[in-house]
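Chain lettering (A, B and C) follows the sequence in which the chains are written, and residue indices restart at 1 in each chain.
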Amino acid sequence: MSLSAIFVQLLNGLASASSLFLVAAGLSLIFGVTRIVNFAHGSLYMLGVYTAYSLVKTFGGGILGFWGAVLAAGLIVGVFGALVERLLLRRLYRAPELLQLLATFALVLIIRDFALWAWGPEDLLGPRAPGLDGAVGIAGRRVPEYDLLLIALGPVVLGLLWLLLTRTRWGTLVRAATEDREMAGALGVNQSWLFTSVFALGAFLAGLGGAIQIPREPAVLTMDLSILADVFVVVVVGGMGSIPGAFLAAVIIGVLKAMCIGIGNVSAFGIDFSFSKLTLVVEFIVMAVVLVIRPWGLLGRSQGIPRGAASVEPPLHLPSPALLKGFAAALLALALLPLVSDRYTLVLLTDILVFALFAVSLHFIMGPAGMHSFGHAAYFGLGAYAAALLFKHALPMELALLLAPFAAGLGALAFGWFCVRLSGVYLAMLTLAFAQIAWSVVYQWDAFTGGSNGLVGVWPAQWLAGKTAFYYLALALCAGGILILWRILYSPFGYALRAGRDSPLRADAIGIDVRRQQWLGFALAGLFAGLAGAVYAFSKGSISPDSLSIPRSVDGLVMVLMGGIQTLTGAVAGAAVFTWLQDTISRQTEFWRALLGGIILFLVLVFPQGIAGFLRERWEARAGGSKG
Amino acid sequence: MNVLNVAKLSKAFGGVQAVCDVSFSLASGELLALIGPNGAGKTTCFNLLNGQIAADSGSAEFEGRSLIGLKPRQIWRLGVGRTFQITATFSSMSVRENVQTALLNFHGRLNSLVSLAARQYLDEAMELLARVGIAEQAGRPCAVLAYGDLKRVELAIALANRPRLLLMDEPTAGMAPPERVALMQLTAELARASGIAVLFTEHDMDVVFAHADRILVLNRGRLIAEGKPAEVRANREVQEVYLGSGSLFGAAHA
Amino acid sequence: MLEMKDVSSAYGRAHILYDLSLSANRGEVVVLLGRNGAGKSTTLKTLIGLVRPLAGEISFDGRRIERLEPYEIARLGLGYVPEERRIFTDLSVMDNLEVGRQAPRTGAPRWTPEKLFELFPNLADMRERRGAHISGGEQQMLTIARTLMGNPSAILLDEPSEGLAPVIVEQMARTILELKQEGLCVLLSEQNLHFANLVADRAYIIEKGHIRYQGTMTELAANAQVRATYLSV
């Protein structure tokens, strides 16, 4: 590639960095003040793209019409963000952080279906920017004028944000609330207003970041989650809460991606290598490198534990004999069920068993080990693909099923090595980013994984071919896996995990290598998630990249949180309810996502402690009431 | 016999000399108080000894082995126990399980996936809790304990590795005066009975003058005085930078 | 000026108040004495609205405040200084003061940064320094200065002497007496009886969420039995 071509790609990268920066800055601001990781931030971006598209159509394609539409789209999304904050998130500030996250994910589902309803499933390409639709000759190449404008826009917004945050009273209050919002309130700062304004600004930036993309990128329904993963990477690389860091990271990642596309296919020493295929992975490589060298991001500062954030978990008691009897009875009931139920119910029950194990393995690291994972589906998917691939490469089904979890465990061991270097929301974002890597590899590697089509013909062995036989296999493996995970929590290793969560400082001071314990815990959870994935693959007979996509990871989160993270059995209850719900409503309506999102919102608002947590509270209240 | 020998320990943060040429030694069974104004370098000095931060220069030897460059958990392995200014216990465990977890690690059994942790080292844990006087609270979750009792739990945890040196960062912070005296009384008795050397920082001069065998005074990272309580109390420089007029502590121990 | 009547309140499972009543007047320094966990901090947090009372009435300057948000209470002129020096470490000293700034009000002393630097001379030399980079004693002074920027007519101080060098604590005592001179109503929680003796006019003793004793400092000094029972001194 010639020098001038590199230069042009550099400009191209800088242009896309601007949009990325705007969205990331918004996410960072919102997180700083409200402590909410806004999953719906990508959806706000998507709304910006679609709204701008429609507005340009309405206003006409003149200079005023185009820029008016872009700005109006940003403002509309900003107002929408403010409404969301006032009507919904406001009610959740006292709820546990993870439930707030769940609520924002419900918004993702609802906004996605809203966009589907309003704009349809087709990709929509916006018009070129009037007056800037030409190209300038630079170094003998043609560079779109619009790109040059975008390149300038990023630093301008950065400068404006910097002035806003450091030179105005509002900015001082935002920075104060970011550090200690309770204290700011006690000093007379009206947090309620501050939160709404920050949310509106963040949403405006996301909407604007989307709107300016319309001449460059078509509006697609899946862009909400793909930009979200990019933005997480930018925020983590730049350093959470650092606006200049977000800018720097956006530039680095934007440029590297553009370079990879520009370089294209290279052949050296007789080996063909496609750099353009690297684009999806390159940002994650950057992130991994940065995190190893600077765990808090390029310009971030090591974060103390935010005040009042450390929730006190209830003690974990050994199950009472009555409870053990209850478990035994439940298992017996499950074992007897095939005698009375139809084929359809058995298939659904098999699904529930698979997802119960998946959810319990996620709970294992999220609850007792205190590591919030947003990307647990990676290990479910690795297990599923490993099973399918081993089977396709002529291993007997039984052996494939046995080995697949170890493949997932190895994956978790590799990814976990990076993840346990971080904590809190950084760790969560990193897990999501790794899941996205795994997904993009699977998605792109047509020759090996079947690409977007996945793999078909992954059928169980003859003796397990019947639905009833397979149900028993699933029951044995999944219930067995769940019991093993639960039992481990009562072992010394389980205590070490909880010790590291409760007080890393104290755990370190009594000689526990917290990071190592977390790493092993992470791998163990990955192993069992892989087992669930492997069973899943054979139960369906096929496997697609969906099995390790972000929505699948979030399904796991919903199950754990809906069930209640503070109870062991919660994950199972959550998995059962969620799987049944999804199955039921996806057969009712095309807009099942929105319906599911609505149900999640309802549950979050009504049962902030989760279903199992709610039942336990009721139980304790009754027990307490009868005592005195 | 000296358990701890510190010589010319120094640490700077961004050009500010937080700890500068600090030297002292500590014998087994001795209670040594480290006092000084806020920001004098006490916490830095402590963190240099417990492995939280690495020294720029100087040496610190525990029983003849250098502590410099070791991680906190390695220092714990050598036989150094710690308590924190703000109590740090495992809130999702009962008092006894807190101590059991420390014992499991001391006995090298923390990696087991099979045994039931709650049934291990029960007697040893109960014995430690009895020594600090909270055996009757063994089954309660740490989250509901009174602050003074939590401090005792910390002490029991710190004793689990049978330490020869205890590092206590403001052990009585946040406690009512009578509880403070009781806790330090207990610490002093345990230290003398088992020959444990204790290094502690403290702002309550009633506690310091009543229980310290010797006092080190830090100001701006440097050691400005060292000696018996009465000597330190009479030191003009110490009065000026730290003790003030003396209106804030009792005269009983003068 | 500040009054709690039969207030019950709960902060977590361990910190509970039962039917608590107390009052403090303009130009008066009142101290809440008691052990850790007795309910002193919870009382102050309930007054400022960080903990919502379950029952009872709280009035300040003639207005009922028990249903208000913390920022609304602060804007009525009730200042709150938390324990553990919760300054904004990322912000400069001046910006910390800016966060506390409110419009001046009648009937309360009016503070500006310059006037505060006279009260806390140490802070004057470090206006642009980040909160993280000043010493513990200076941080404690800054938390008070920041609250005074709201021009309060009453101020709540949660364990102001905790964790400070004796020489700084003496300075703190002088500051509190100066605030009293300015006509402020001061309610503080404290475990250090020496310090309480230096500054306070009246005392309440709290134990397990109940008020067990109230009286002037002179009465308390004369009542050896109360001191032995509740303060063990």
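The rule is simple: a residue touches a chain if its C-beta (ideal position, glycine included) is under 8 Å from a C-beta of that chain, and two chains touch if they have at least 3 such contacts.
Keep in mind that this is a model prediction, so the values were computed, not measured.
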item	value
Contact-richer chain pair [B-C vs A-C]	B-C
Most distant chain from chain B by Cα centroid	A
Separation of chain A from chain C, taking each centre as the mean of its C-alpha atoms, in whole Å	44
Chain centre separation in whole Å, for chain C relative to chain B (CA means)	30
Multi-partner residues of chain C (each touching 2 or more other chains)	none
Residues of chain A whose C-beta touches two or more other chains	312
Residues within chain B bordering two or more other chains	143
Residue ranges of chain B touching chain C (in the complex, touch as defined)	36-39, 85, 143-144, 146-148, 170, 173-179, 203, 205, 240-250
Contact footprint of chain A on chain C as seen in their complex	12, 48-50, 69-71, 74-75, 80, 82, 86, 88-91, 95-96, 98-100, 102, 146-147, 150
Chain B residues within the chain A interface of the complex	50, 72-73, 76-77, 82, 84, 88-94, 97, 100-102, 104-106, 109-118, 120, 141, 143, 157-158, 160-161
Footprint of chain B on chain A - complex, ascending	312-316, 318, 488, 490-496, 498-499, 501-503, 505-513
List of chain A residues in touch with chain C within their complex	169, 172-173, 175-176, 178-180, 182-192, 307, 312
